[in-house]
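What follows is one structure encoded as structure tokens, with my remarks underneath.
Letters A, B, C and D name the chains as they come in the text, with residue numbers starting at 1 for each one.
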Amino acid sequence: MRYVIRRTICAAMALVLAMTAAGCGGKAGSGSQTGKSLTVFNYSEYLDPEMIEKFTEETGIKIRYEEALTPEDMYTKYKSGAVNYDLLCTCDYMLGRLIREGEVVEIPFDSFENLDNIGKRYFDISKAFDPDHRYTLPYFWGTIGILYDTSVVKEPVDSWSVLFDHSYAGDIIMQNSIRDTYMVALKYLGYSLNTTDENEINEAQKLLIAQKPDVQAYLVDEARDEVVAGNAAMAVVYSGEAYLGHEYNENLEYVVPKEGSNIWIDSWCVTKNCKDMDAARQFLDFLCREDVAKANFEFIYYSTPNDAVVSSLPEEMKNDKALVPPDSVFENCEVCTRYDEETSRMYNELWKELKSG
Amino acid sequence: MSDRPVLIHLEHVSKSFGNSLVLDDLDLTICKNEFVTLLGPSGCGKTTTLRIIGGFERPDSGRVIFQGEDITGVPANKRPINTVFQKYALFPHMTVEENVAFGLRIRKKSREYIREKIDYALKLVNLEGFEKRMPKSLSGGQQQRVAIARAIVNEPEVLLLDEPLGALDLKLRQEMQYELIRMKNELGITFIYVTHDQEEALTMSDNVVVMNQGYIQQEGSPQKIYDEPENAFVADFIGDSNIIRSTMVRDRLVNILGIEFECVDTGFGENRPVDVVIRPEDIVLAPEREGALNGEVTDVIFKGVHYEMCIMTGDFEWIVHSTRRSEPGSGVSISVDPFDIQIMNIPESEDEEAVKLDI
Amino acid sequence: MTSEKKGWGLSFPFILWSVGFTLIPLAVITRYAFTDPDGGLTLDNVLAMGNRINGQAFLVSLLVAFICTLLCVLLAYPMVMAIRRLNLSSSAFILIFLILPMWMNFILRILAWQMILSDNGILNHFLTILGLPKVFIANTWLAVIIGVTYDYFPYMMLPIYTAVSAIEKDITEAARDLGAGTLGVFTRVIFPLSLPGLFSGITMVFVPSMTSFAVADILGGGKTQLIGNIIEQEFMRSSEMNLGSGLSISLMIFMLITLPVTVGRSGKEEGSRDI
Amino acid sequence: MRDRAVNFITRFYLLLIFLFLYSPIAVLMVLSFNDSRSRVVWGGFTLKWYERMFTSPHITDALVTTLALAFFASLLAVLIGFPASFGICMLRRSGRSVMMTLVNIPLLDADIVTGISMMLFFMRFMELSFSSVLIAHTVFCIPYVILALMPRVEAVDWTPYESALDLGATQPYAFLRMVMPQLYSGIISGFFMSLTMSMDDFAITYFTKGAGVNTLSTMIYGEIRKGIKPELYALSTVIFMAVLILLLAVNVATRKKGGETGEGRAY
């Protein structure tokens, strides 16, 4: 008996040791690999996996690909240093934070072959967080607006007010996200979505608390499906969702309200951990290529900053306001920049208050 | 049967589990104040009979009459009958006292009454001072006493005991046998006792019911069952016995192994094959050639009060009890008193064996 | 070697493993809990549980967890009794029956519930066919309770079932014999003997019920905020590692203090916990 | 009559519980045959997702990772938990309650907290990878193994073991032949619970996984936003049915064997 048990213990210990060794080995091994490789961190479902294979085929550079759900946990995981990421794709304000913290390095745009495909205006709006556009490469972008069911909402919708005037009580779906929800209220009130003015934010909070009884649900991911299924009449969604929503249910329309909205932009950056800038450049350049960008576009159906792709789209798509936002959005929409710590803490508390109320 | 008034009557009771018929058209009468033992090998239907009386099983057909009333459909908790289970079945989460008080609390008796009854019952089973103990901390014998106390505080008309001594060692078992008789006399109620141990049955019972394969084989006083087994099964099951296939020559004369013996039985016809039972202690040994059947001692075992010997006469090996020892290999002669020869019919088939003898 | 020493010896790999991969990570989190982002020592994070918003979410979670635990108990006992009554005593079968749903991914199951419960969902579809009025429970606390109860029911059911199936038939028959009816047998014998199972069921249901943020988000439409949602928000949306750690540590302390008090004390039979 | 009514009610109750537990499963199964990519639109019957799930390398990769993870984590959990359940049973009261607290910690902790604390811990010692997820999964699987095994260990009947020693068997042999058979069911149920928990976990995997490691769970979470790929419904249905069939087969087999081994084991 004792013998068997001792043997079991030995076996267990051996396994543990083997595993730890394997773990450490993995760490050592990744650095000393002869072949080039890149560790890429992206949102989930944000890149056509076939393009990764294609890239490896073309260049011989291996990609270790990882996905995250939100910019915040991407940041948490990146900052923990548990994995050495070479490339990150994340959102505007998070990029701003990374730039400020010196986590990213300049991208050698000069040696890009396909950079011309990216419209100049996207670099311009990126200036909100990357003032000299040295660090970030726009990847996808879009707006936030209202997706509504025209069979229920007969009147034309052109303002955020429809969310606040109680006529669609119980039929409204808001975003389950701090920034996007406060953005709606701030814009409706005519303030900047990057405001740090406590009074303005508190005013927005009051508005949202008053709105809460009318809200059917705060959802992130399934907001679109709920409108498609007819469980709700309207939802605040990302423009990309609107296109797919329309595919499933023809009665759905998407509008960016006249008060203005958030124009969001997800971009790539190269981290300071990157050992092989040339490989990273090759990867980013590859993403700018028309065929690749088109494949990714068709995988995701978010608006692409790749003008070459846009011009090759069929007319029907070009006219879709969700897929190819009209230039007017640049006039009254704002890009999110990073709040200072105090403001984000304030938002954090207000949001908890709103949700628990 | 006794002259006491009838308490329980089972009428044409049949019960089967799945495909196996456990009780087949069983009739049984139990009288007031009797100590009745259902005796038989495992699987004979004795426990099922007990469970039907207790209300844990419902017969497929037939009726259970209790004091003249049909109680076939009355659930166990509504019968004035209590059971002592084979493995005691004490409530492990309750103290001895709580176990004993269980039935009384269900009946919402007053506190003083319960107190009194607990004291009385624990005294009766010799467990005073164990009130606060948990069953786990008691020995098997003590647990058994708690089980008995728990049953009798409810003043049942009938106490059912399902092999209650099965798990106890020999000494304790014998002690408990006397205690059970004492309790029965003190309580003045009917005990129905199930066992496969013939010694227990013979020691304690007023009336023994021998069962096999769902049928009653024989019913009667311990004396009668032992001395006058009605068939080979009963004879074999109760005590040691020599069962010899023989021929009834005529009334009062039987041919056993080629030698004619006088006996007292009549009515078996002439020259009919019969089974003869002779108890080992009824055989008289004489020096060689002085008795009726000659043979050779093949084995001797000392049993305390007597020697048990195996004696070969021709092909047949006798078991004989005697206080005198004969050396193995020595020649002896066997004779039997006519009163000690018990003649039995030979059943034509096992089923018939039972049906014919079903009382 | 004494059996005590041998016991520690045999537990050694487990102890090593637990210290290495449970206690030290816990210590790491604890360090975050008691420091501020700049590294200074502080109790604010742990005490933040007491402020108005977190406290409210905490109370809501307690209530939800209480209702769900109660529902699980109320669903489990009749089921255990039904299994006993119908003699479905193959424990392997019961285990399969209860565990099998977990082989469909958790989030998929919750999404399926959303489809069942939503206003134009499957349940209402059937109700309409039957000529019954629709029910509107999607995106309410009721839906959260249904989802959480659904998710943790097996954790309640299994230990109770194990405890009850260990009760010999003799014991219930004895109770019946002594005059107890079906109810009496349950309240006086089966229930008290199932307590160890019930207590371990409560631990396994109550704690995760308070933190099942995904259910609250999907089925509750994000309108019911559990303490789990707050902790998730601190970690995943606001990058408030210290505050998140502080809240989780204080939740854990609360659990460690209250569960042994309410559960452990009455659970005399230690270690009889089973799955 | 009354009996029959009660029997009917009990059966009806079991049916209700069955519906409660299995209606979401049924919904997901139906979805796997839905021609539309959206879960709220019925686009007609199709089997194409079943074809496609095997051709997508990402799904098969994730499936292999998930299964390997579940298997090895459960195995490790049994290897560690098995001696520990013996050990804990031998301890006196105080040591025992300390150990039980240790066992219970992973169950008392919220998932994300466990996940994040493990991540913070790992980042100091090793790169996140498959091994780190494996360790994390083993951590939360061990309690299930121990909790499933302990009651059986306590109930072990040591007399056959001792009589085997008496008959000249070596200790390991006697242990394997006399004690282990009494524990198999406990080991299997602990192992099975571990498999289930590992397969179902998201939060802990999410924080401890390294780049390139993807399980079905993390894959599904990532897809909620764009709509779950119907291939995953199909795959889940296949896994579910496979487990169901496997379990039923094992159950039937052991039941049959149980009848025979009565004598077969007696030598």
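In this section, contacts are C-beta pairs under 8 Å (C-beta built on N, C-alpha and C of every residue); 3 or more make two chains touch, one makes a residue touch a chain.
Just so it is clear, the structure is predicted and the values come from calculations on it, not from any experiment.
Peer 1: Kindly list the shared contact partners of chain B and chain C, in label order.
Peer 2: Under the touch definition, chain B and chain C have no mutual neighbours whatsoever.
Peer 1: Looking at A-D and C-D, which pair shares more C-beta contacts?
Peer 2: Counting C-beta pairs in contact, C-D comes out ahead.
Peer 1: Select the chain at the greatest separation from chain D, using centres from the mean of Cα atoms.
Peer 2: Computed centres place B farthest from chain D.
Peer 1: Go ahead and note the Å separation of the Cα centroids belonging to chain A and chain D.
Peer 2: So the centre of chain A lies 34 Å away from the centre of chain D.
Peer 1: Centroid from C-alpha atoms only, then distance chain B to chain D, rounded to Å. What do you get?
Peer 2: So the centroids are 53 Å from each other.
Peer 1: When the centre of a chain is set as the mean of its C-alpha atoms, what distance in Å lies between chain C and chain D?
Peer 2: 17
Peer 1: Hey, how far is the Cα centre of chain A from the one of chain C, in Å?
Peer 2: Each chain reduced to its C-alpha mean, chain A and chain C end up 34 Å apart.
Peer 1: Hunt down the residues of chain D that sit against at least two other chains at once, touch-wise.
Peer 2: Within chain D, residues 39-40, 79-80, 83, 86, 116, 120, 135, 221, 224 contact more than one other chain.
Peer 1: Please list all residues of chain B that touch 2 or more other chains.
Peer 2: Where chain B is concerned, no single residue meets two or more other chains.
Peer 1: Quick check on chain A: which residues sit in contact with 2+ other chains?
Peer 2: Residues 2, 5, 9, 12, 16, 69, 73, 76, 220, 222, 226, 229 of chain A each touch two or more of the other chains.
Peer 1: Pull out all the chain pairs that touch, please.
Peer 2: Between chains, contact exists in these pairs: A-C, A-D, B-C, C-D.
Peer 1: Can you list the residues on chain C that touch chain B in the complex?
Peer 2: Going by the criterion above, the answer is residues 168, 170-171, 173-181, 184, 188-189, 192-193.
Peer 1: Show which residues of chain B lie in contact with chain C when the two form their complex.
Peer 2: So the residues of chain B in touch with chain C come to 54-56, 75-78, 81-83, 85-87, 89-93, 102-103, 106-107, 147, 150-151, 154.
Peer 1: Show me the residue ranges of chain A that touch chain C in the complex, using the header's touch definition.
Peer 2: Per the stated touch rule, the residues are 2, 5, 9, 12-13, 16, 69-70, 72-73, 75-76, 173, 176-178, 212, 215-220, 222, 226, 229-231, 344-345, 348-349, 351-353, 355-356.
Peer 1: Please give the residue numbers of chain D that touch chain A in the complex, ascending.
Peer 2: 36, 38-41, 57-58, 76, 79-80, 82-83, 86, 116, 119-120, 122-123, 125-132, 134-135, 161, 170-172, 174-176, 179, 206-207, 209-214, 218, 221-227
Peer 1: Help me check something: in the complex, which residues belonging to chain A touch chain D?
Peer 2: 1-5, 7-9, 11-12, 15-16, 19-20, 22-24, 26-27, 30, 39-41, 44-45, 49, 64-67, 69, 73, 76-77, 80-85, 220-222, 224-226, 228-229, 244, 248-249, 300
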